[in-house]
Amino acid sequence: MTEKPEIPSVLNDSLIAALNTISTATLTHQLQMRGVRSTFMSGLKPLHPEKRMVGRARTLRYVALREDLQAQYAGGVNAQKRVVESIEPGDVLVIEARGVPDAGTIGDIYATRLFGRGGSGVVTDGALRDTPAIADIGGPVYHQASHGSTYGRQHMPFSADEPVTCAGVFVAPGDVIVGDGEGAVVIPAALVEEVVANSLIQEEREAFALEMVASGQPTLDLFPLAKERLPEFEAWKSAKASAGAKS
Amino acid sequence: MTEKPEIPSVLNDSLIAALNTISTATLTHQLQMRGVRSTFMSGLKPLHPEKRMVGRARTLRYVALREDLQAQYAGGVNAQKRVVESIEPGDVLVIEARGVPDAGTIGDIYATRLFGRGGSGVVTDGALRDTPAIADIGGPVYHQASHGSTYGRQHMPFSADEPVTCAGVFVAPGDVIVGDGEGAVVIPAALVEEVVANSLIQEEREAFALEMVASGQPTLDLFPLAKERLPEFEAWKSAKASAGAKS
Amino acid sequence: MTEKPEIPSVLNDSLIAALNTISTATLTHQLQMRGVRSTFMSGLKPLHPEKRMVGRARTLRYVALREDLQAQYAGGVNAQKRVVESIEPGDVLVIEARGVPDAGTIGDIYATRLFGRGGSGVVTDGALRDTPAIADIGGPVYHQASHGSTYGRQHMPFSADEPVTCAGVFVAPGDVIVGDGEGAVVIPAALVEEVVANSLIQEEREAFALEMVASGQPTLDLFPLAKERLPEFEAWKSAKASAGAKS
Amino acid sequence: MTEKPEIPSVLNDSLIAALNTISTATLTHQLQMRGVRSTFMSGLKPLHPEKRMVGRARTLRYVALREDLQAQYAGGVNAQKRVVESIEPGDVLVIEARGVPDAGTIGDIYATRLFGRGGSGVVTDGALRDTPAIADIGGPVYHQASHGSTYGRQHMPFSADEPVTCAGVFVAPGDVIVGDGEGAVVIPAALVEEVVANSLIQEEREAFALEMVASGQPTLDLFPLAKERLPEFEAWKSAKASAGAKS
Amino acid sequence: MTEKPEIPSVLNDSLIAALNTISTATLTHQLQMRGVRSTFMSGLKPLHPEKRMVGRARTLRYVALREDLQAQYAGGVNAQKRVVESIEPGDVLVIEARGVPDAGTIGDIYATRLFGRGGSGVVTDGALRDTPAIADIGGPVYHQASHGSTYGRQHMPFSADEPVTCAGVFVAPGDVIVGDGEGAVVIPAALVEEVVANSLIQEEREAFALEMVASGQPTLDLFPLAKERLPEFEAWKSAKASAGAKS
Amino acid sequence: MTEKPEIPSVLNDSLIAALNTISTATLTHQLQMRGVRSTFMSGLKPLHPEKRMVGRARTLRYVALREDLQAQYAGGVNAQKRVVESIEPGDVLVIEARGVPDAGTIGDIYATRLFGRGGSGVVTDGALRDTPAIADIGGPVYHQASHGSTYGRQHMPFSADEPVTCAGVFVAPGDVIVGDGEGAVVIPAALVEEVVANSLIQEEREAFALEMVASGQPTLDLFPLAKERLPEFEAWKSAKASAGAKS
């Protein structure tokens, strides 16, 4: 009834493991440095700030309600049902709702199904419906608002697995979505390898800088890291590595 | 000094008990299905998401400050004092503040009095003042913002127990207000019995659907519930009922 | 490299001790009563609602990004670095970011340095970056949003320790900033002594009123406190004082 | 059917004549100087910037649509019909529509009736409907938006000739409304005489200042007018007066 | 290169002639009466309020800029070029720009081409670029803002002739767009015949009501038209008809 | 009393003559192509859309009102007076008002003085006061709103001739401001020569493209201009030049 989507995934276990250690701030910065400026989703709140989310983007686009077409778009096995019933393990559902705060875009039953199918999370720039029940499921969710009404108050489900603009960011199916307590960021599929590799380097330098600053040193030659201090950084890395090896 | 208000109440113990089990999402949906689309209050946050609130609407309307009239409207036993001092057990105070975020509409002393008189909660589309102290009282409160200033910065208390528009929803004294972790919804007094009865039916069907979906079934014939599965649903109900009877 | 700022401080231990007991609501009201109406910062959230913040204002002003000037303003030891590296114990950094929600204004490394130098807190009407890591530092922070991007997406650091407008409030270096679970308020340096003295009086009266109201009395002659009840209030104060003395 | 409203009018021919010569900016400033800060209606556009409007406030309050009450409030001789059919010569209809831009609040037929009864103008913080036809009537109208839908999309007419908040300003029936190309201002009924008298003085001084500035003089001792230049101003006034007498 | 679009048109000369006489307010009301509430485009301004626009919807959807995909979507014969170069006489281009005010969505060269191909108008919920030059072309245009930047500041052209949401209204290619001095309304293709027929009846009744009201009659039994006055209305119609016949 | 400002001007007669022929859209595009994306001032309206404005930026910064400092900042020869009284021929006053719509930032007397001293225009992201009188002066003005109140309702004049952020754009004294019917753009002083030279080339190509498109040709190889058509363009240029020479 709902067929397996033809969406290439660029993720593998090592990338997922790495992405689970990198902050959305670092990923956003790495994309900024490549001239990709709009990747962090603005104005969304994490339902579980302590959770992390990593997954492949699956998309759902809502359009404005027009009552004469409601049966056509909302009836039967609509786009919302199709995308939820074809979620695969590791998928993150990204919903375009035009930033409308006063109508639900997903409720507890579809959220239960999504996470039950192994989905990694949900991102909507509209409202959640049944927020308390969705929170109880425990999976990562990013949303703009909560509202008791169904989507039928403002929306019609229109398309599944086509590109959307969510919270100001363009998302194509297959892009990688990462979330933490700060929010959610979209990593273009084609840039994931490069962004992850460079993010790990950046985070190691920042870990060194943070440790030095926490110990009372000024930020001036630590952030960004000055050439003069690279040997010290290298030594710190080796020490950490051997310490890691020992333990 | 402040006389008992002549506000009919449609609530009774069984309705209150039922309403304490129904989500605001279900109530909002039942009203949507009756063509009443604007009943969930948009843009408000629960101060205690884990609390539930059920009660009869009592109303307070603020109007824009005009300094030449401040003594007349804010002085003496103004509308705010009148409504707070006539709160009866089970009342929810609904405050119209035109969505203004940068002036208080109720502070800790009035909130203490309101809950001390048995009030069930407070809903304001303006700001709370003394938010930490109000939070300590522990009663359910829904608000748009927090602000340290008194209402005198932007408002004058104008009328008590007359209809208001709060957070985009028309509320008449005597309407029923229900709140949970999602937010607050207004149930027109005349529709409460019908909405509650149908909500209980809806929630039982959704409980069945949710249990099936949680067990790994697709949503397709469960939400909405397909005719073919009604016998299964009835059997599930009976089983639950007898289980309930046994325990 | 970054010299000690010439910013007079009006705070002393007894003022700080007093300010740690006064709500931002009371301070805001005392300023309203003196005709100073815009002192509570609108639209900001506390990162740690349970924390209190008291300190001397230090300021950082961001201006809109103009790429042709980015190197000039953001490069080298820019205004952000200068102000963070000259933070003194008890300073609160107040950041003007024009209310822009979608670009960071301070991240975990600078926040670590700021609190490491003894800073008392941070207030920004823009976004935090690295919000989870900043939350872990544990110090009081007030912000409008969270965003993964660096300030370079929207801002250039422009000036340090010059007056700013933050969250709708004018702040001069040396003003006093107080924060609690409601938000943050600016007390003009020249008014601190007077505002604190009168706030203590107001809070004692409100403590009496609150105790009476909590015990079931009406608010009518308690808030504001009627002349007839002053003797009762004085007696209550003496009782409390001797009780305090005994213990 | 619709009885004559009991609304005292403070206007008389000489006040109206004077008000037709005073800018809304001067009237707003005179009210500011008396501590009444919110009197100019924010965010409204004049439909005929070249027209002036002076009249007594008549009011109409819309509340949020609730479909279960639509028949009760919108049906029959509703508040909109009552107020329009009781307009008297010189009345200005002020409509509270909560700043909602996407629903009409008055259309061409009611506007034709209002001006046909001698009404002086219309002010709404909602939308006009039939804007081109209303523009053709030619009378002064101030509005926030234009929209093709009827009020039934968002509103119910609720009350006539009771106080309202329109475009951020409190308006009581009987207040005086003045409009010009800048917008519309509310003059509290009790302050009209005083405000007009002082506005005439202010405008004469500003006319002198403007003439001097236009002739190339600096603003410094002209605006505000310095004591040293009062004799010159008095001479200018006398000259103008005798010139006026001669012609 | 750009093939003729397969878009059915429901318009014919008599419908177009009729639509050129009906106000957008009447059309919007007829749709409201059929339960279709969101058809008038909110928040747009006519560039030529005196012009009327009638045509078949052609659509262009912009998505948020993502620099890594700019070449792919904006380069070559992109969606904007395709739709403009396939405009047929009577088409109205409807642009979805997510309500973004600070980036152009169409400039003078494409607008010249569009009108040169016989297009009937342009509707965008984003900004015009080259507004003065577009105004000089003289054709009807509805827009939210004006901005000097190209779409590349915020947008990528994504699709042509697929459904869009513009200014809050769902528009499918082939729907009918009508504009006048009030704004623009979308008539679902399937409802055009019925809406036009009923609009003509409504406008005739309102013309009668308006004439009576203009002659000094109350609105009460004229708007809506009371049964008792139908004979009078019929007589008025016949009189007008014969008058029309004579002339 | 107010000394001549030390602000270098990069403008000369030929640059001014050229800038008077270039649209703000072309200038904004040339800056975009150089990576300077925020130069067109968003959300401002021209008071005289038919006028053009070219000049050197002079700046005035308003900060939020704080009543305890009003005398200090607004009294005496404040920043507003200083900048207006030191305007030189060709200066454009750019006012930072934090986008606040409901308080004046400049009125008719100061505007008269500014244009009387030879000023080229005014740009404010706040409100005009005395809009009708300012319109009568006839000089180019760009503003966000109109309001009858004086700046004292929300602002204090803070600094003159220091960098500001106006309508989202950073402006330094000495930058070049150009306005037309679309709005106003800021050209960084250091880029003016280059931007003007390239804008003239761009406009000539677009004039050719526009002429071809107006004559019925497709846009495809004209905008942008394809290499194959350069000879044709060169011929068109020569023809125009000799035609110009002849006349």
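Going in written order, the chains are labelled A, B, C, D, E and F, and every chain counts its residues from 1.
Note that in this section a residue touches a chain if its C-beta (ideal position, glycine included) is under 8 Å from a C-beta of that chain, and two chains touch if they have at least 3 such contacts.
Quick caveat: nothing in here was measured; it's all calculated off a predicted structure.
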Chains touching both chain A and chain F: C, E
Residue-number overlap at the chain E/chain F interface, same or different (half cut): different
Selected pair, greater C-beta contact count between B-D and A-C: A-C
Equivalent interface to A-E, taken from D-F, B-D or E-F so that over half of the residue contact pairs match: B-D
Most distant chain from chain E, judged by the mean position of its C-alpha atoms: C
Intercentroid distance (Cα basis), chain D paired with chain A, Å: 51
Cα-centroid distance, chain B relative to chain C, in whole angstrom: 33
Touching two or more other chains - residue numbers and ranges from chain F: 37, 168
Touch-based graph of the chains, sorted into line, ring, star, complete or other: other
Chains touching one another, given as label pairs in label order: A-B, A-C, A-E, B-C, B-D, C-F, D-E, D-F, E-F
Residues of chain C touching chain A in the complex: 1, 77, 81, 84-85, 101-102, 104, 107-110, 112-113, 116, 128-133, 135, 145-150, 152-153
Partner chain B, residues of chain D touching it in the complex: 34-39, 63-69, 98, 156, 158, 163-165, 168-170, 172, 188, 190-191
Complex contact set, residues of chain D against chain F: 23-25, 27-29, 32, 37, 40, 42-43, 49, 168, 180-183, 185, 206, 209-210, 213-214, 216, 218-220, 222-223
